[in-house]
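Shared between the two complexes below is subunit A, which has subunit B as its partner in the first and subunit C in the second.
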Partner chain A sequence: MVTRINIGPVHPSTHGVLRLVADVDGDTVVNLEPHIGFLHRGVEKLVETRMYMQNPPYMEKLDYIAPMSYDDAYVATVEKAMGVEVKERAMWVRTVLLELQRIASHLLWLGTMANDVGQFFTVFMWAFTDRDMVMRLLEEASGARMFYVNMRIGGLIRDLPPGFGEKAGEVLAYIEKRIKKYENFLEKDPLFTERMKGIGVLSRERAIELGVTGPVLRGSGVGYDVRKNNAYYVYDKLNFRPQTRSDGDCFARYKVRMLEMAESIRLVREALAKMPEGDALGMPIKLILPSAKNRMVSLSRETPRGECLMYMVADSQKPYRLSIRAPTFINLAAMPEISRGCRTADIFAISGSLDLVMGDVDR
Partner chain B sequence: MKIERSELGKKAGELKAQGYSYLVKITAVDYEKYIEVVYMLRNLSENRDETLEVDVDPADAWVPTVIREFPAADWYEREMFEMFGIEIKGREARRLLLEKWNGKPAPLRKNFVWNAPYETSD
Partner chain C sequence: MEDQPYSKERFLNAEKEMSELVKASMAGHESKPNVMFAKLSEVSKALSKGLVDWSRVRSLWPLQFGLSCCAMELMDFGSARIDAERRGYLFFRATPRQADVMVVAGWVTKSMVPEIKRLYEQMLKPKYVIAYGECATCGGPWWESYNIIKGIDQVLPVDVYVVGCPPKPENLYAGFMKLQKKIGGEIED
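Here is the complex of A and B:
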């Protein structure tokens, strides 16, 4: 007999409010329907009423776990519409900051994911402490702890502070050790592995058909990464390899993110070593005016959660239309299919492995 | 690539057969005289993107569904119906996705008035 149960609206390790309605037969999920929209703020409409550089703070509040990646995606879209080249050093600095942001975001995900599958609060506290070290680095570079708003047209609001390289080196060496510790701790723990391995399997073919993105896509064996396939900034000058796993289960998605953190650490080190001297400052805000009216631009960025695509129709003062392809929106849309046939308790393992941020889903 | 509304299903099927099997996004832009519906497709093995653009009349806004070719279209189409009032023909009607908003005009249309009283229903 099929019973319909309501879960939520809750605030699981998804950062925001999600309601799930599950049809269960005994303990097996027959169907699942996510109800979203609790955090819908109409950002796409809102940006149409604001001038270009009034918008980055709104963009950052979409994905508040990795604000800088959205900030960057938006500013880069405006730059593309204006036809402005980013300064050479600014590209290197942005790459460093974005990869640090990725590490911070994945650390938060790791803590909450471990919580979701019953590894309560040990990893959570560890990961949050480590994340704060990365955030302190970002604070030194931008001046704000969480919402940075440090991208400017053509560059940044400020260059990296003196001594940033050494400090970042110390923090990264520490985090690198910690990642090994997390892997040892979690992968030897049956409490964690048994709730991750073989749960929520998404095949390669279905992953492509359902349009999932980011670590979810790469966890299903598709090696698509915007940083590689459509390289921006200096990713093509760095030795970067997209991380993939072929199993397509929750554990594969976990492993992809762990490997990505290690890869990000390598990228930051390499970028800091190769970074040229020069000017990284962006233009003052008053100078901003896209040259072409009704010019259509679209631009992809690999945020920690997947591919964020911004489709903008530019007007002279304000965006005429800005459409955002939120990576978690489409990952959540695939959740009913991933969850079908799993146990009720695994719903949260699956939602955790998708790394949902509801602000990003609802926009 | 600009195409007619009537060829959308055929063209989508053709592109899928050519390897454009990954749907990146469906979105729409209201240019007031017409609404442009944009389908962004990707060929993952050749790393190429293709865009299909369909113009529809704002007073008679509908497009045929592409959900059979691209299952990923499900939520995008529902979002577009809710936010642009573009009806999706050929698929079952589903619950509104984001705002439960069925007032007129749809929120992302350009003739939508800010702060005006609208009725919402669940």
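Here is the complex of A and C:
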């Protein structure tokens, strides 16, 4: 007999206010339907009424776990519409900050994910303490703790503070050690591995067909990463390769994110060593006028959750239309398929492994 | 839903009613043990009035309920760096029936209002609400949005407002301290 159960929208294990309606036969999930829209506030409409550089704060609140990645994507879109080149040093600084943001985002994911599958609050406490060290670095570089708004057209609001390299080196060395500790702790624990291995398998072919991106796609064995395939800033000058795993289950997605954190640490170190001297300051926010040639621009960026694509129709002072391809929205679409046939308790392992941010899904 | 979840007057009125009921039921039996009991209850009542407030101030259990950005800072508040438990803001509860404080962390959409109301009604009295962040305080940056209500105080009675976008976890800590003072009677309702 099939029973319909309702999970959420306020449920401690769904990341954000997501409502899941599950049809279960005994303990097996027959069908699952995500219901979204509990955080919808019409960002795409709101930005049309504001001038270009009033919008980054709105963009940051889309993906509040990794705000800087969206800030960067929006400012880069405006830069493309204006036809402005980013200063050489600013490109390096942005790369460093974006990779630090990726580490912070994945640490938060790790804590909440481990919470969902039974590591009750141990890893959560550790990961949040480590994340706070990275956030303090970002706070030093930008001046704000969570919503940075430090990108300006052609550069940044301020250069990296003196002594940033040494501090970042210390923090990264510490976090590198901690990542090994997490891996040791979690992968030897049958509680964690049995709830992750073989759960929520997404095959390579279906992953491509469904259009998932980011760690979910790379966990299914596709080595697609915007940083590599469509390199922006200085990623082509750095020694970087996308991390993939071929299993396609929750554990593969977990492993991809752990490897990505290690890769980001390497990237930050390399970028800090190779960073040229010079000017990184951007334009004052009032001198914004897009050129008539680039009326329609689109641009994609690799956020910690996947590929974010921004399509903008520029107008004289405000964007005429801004359309956002949110990575988590597309990744959520894969959820009904991969949770069919799993146990009811595995729904939370799957929703956790997709790394959903409902602010990004609902917009 | 009532306007005020917990007011001292209502609490005292209820106590008066109870004591009158007890007196009425004891009217026919004026034996010694009952007198003893009545005196003991008076003593314990006087003691417990202070005791209940004292203990309530020192064990506030927040509801594990996050909406958006501020929920990230709410999680940080619950993590090891702030260590909120040392002042009695205990473990986040997953069910409203075990919680005392609801921290509304994030923007409130129209579709979310009935859910929040329901959660609030499921909480046991006395219950308190903290509006955490600009969006829950007044709508914040989404003031002009068509789907956001302009502050949670349009739906629920708010005890403490914590402002910022998002406020640091330390600010929430200060907000909880203010709530403690309010429950302890140092700040008037």
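Definition applied: the second predicted complex is superposed on the first by the 356 of 363 C-alpha atoms of A that agree within 3 Å, B and C clash if a C-alpha of one lies under 4 Å from a C-alpha of the other, contacts with A are read in each partner's own complex, and residues count from 1 in each chain.
Simple rule for what comes next: a residue touches a chain if its C-beta (ideal position, glycine included) is under 8 Å from a C-beta of that chain, and two chains touch if they have at least 3 such contacts.
This structure is a prediction, so every number in the text was calculated from the model and none was measured.
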Fit or clash - subunit C, subunit B, common subunit A: fit
Which of subunit B and subunit C A:V222 touches, first, second, both or neither: first
Superposed arrangement, angle subtended at the Cα centre of subunit A by subunit B and subunit C, nearest 10 degrees: 100
First (subunit B), second (subunit C), both or neither touched by A:H40: both
Touched partner set for A:L299, first subunit B, second subunit C, both or neither: neither
Partner chain(s) touched by A:V96 [first = subunit B, second = subunit C, both, neither]: neither
First, second, both or neither for A:S323, with subunit B first and subunit C second: first
Partner chain(s) touched by A:E209 [first = subunit B, second = subunit C, both, neither]: first
Partner chain in contact with A:V84 - subunit B first, subunit C second, else both or neither: neither
Which of subunit B and subunit C A:M358 touches, first, second, both or neither: second
Subunit B versus subunit C - smallest C-alpha distance in the overlay, whole Å: 7
On subunit A, positions contacted by subunit B and by subunit C: 37, 40, 42, 45, 49
Residues of subunit C defined as touching subunit A within the complex: 64-69, 71-73, 75-76, 79-81, 94, 106-107, 109, 111-112, 115, 119, 141-142, 144-148, 165-166, 168
Touching residues on subunit B, where the partner in the complex is subunit A: 21-25, 27-30, 38, 40, 44, 47, 70-72, 74-76, 83, 97-100, 107-108, 112, 114
Subunit A residues touching subunit B - in the complex, by the definition given at the top: 36-37, 40, 42, 44-45, 49, 208-211, 222, 224, 229-230, 298, 307, 309, 311, 313, 320-321, 323, 325, 329-330, 333-334, 362
Interfacial residue positions of subunit A with respect to subunit C in the complex: 9-10, 12, 16-17, 37-42, 45-46, 49, 57-58, 61, 64-65, 108, 112, 124-126, 128-129, 132, 145-147, 358-359
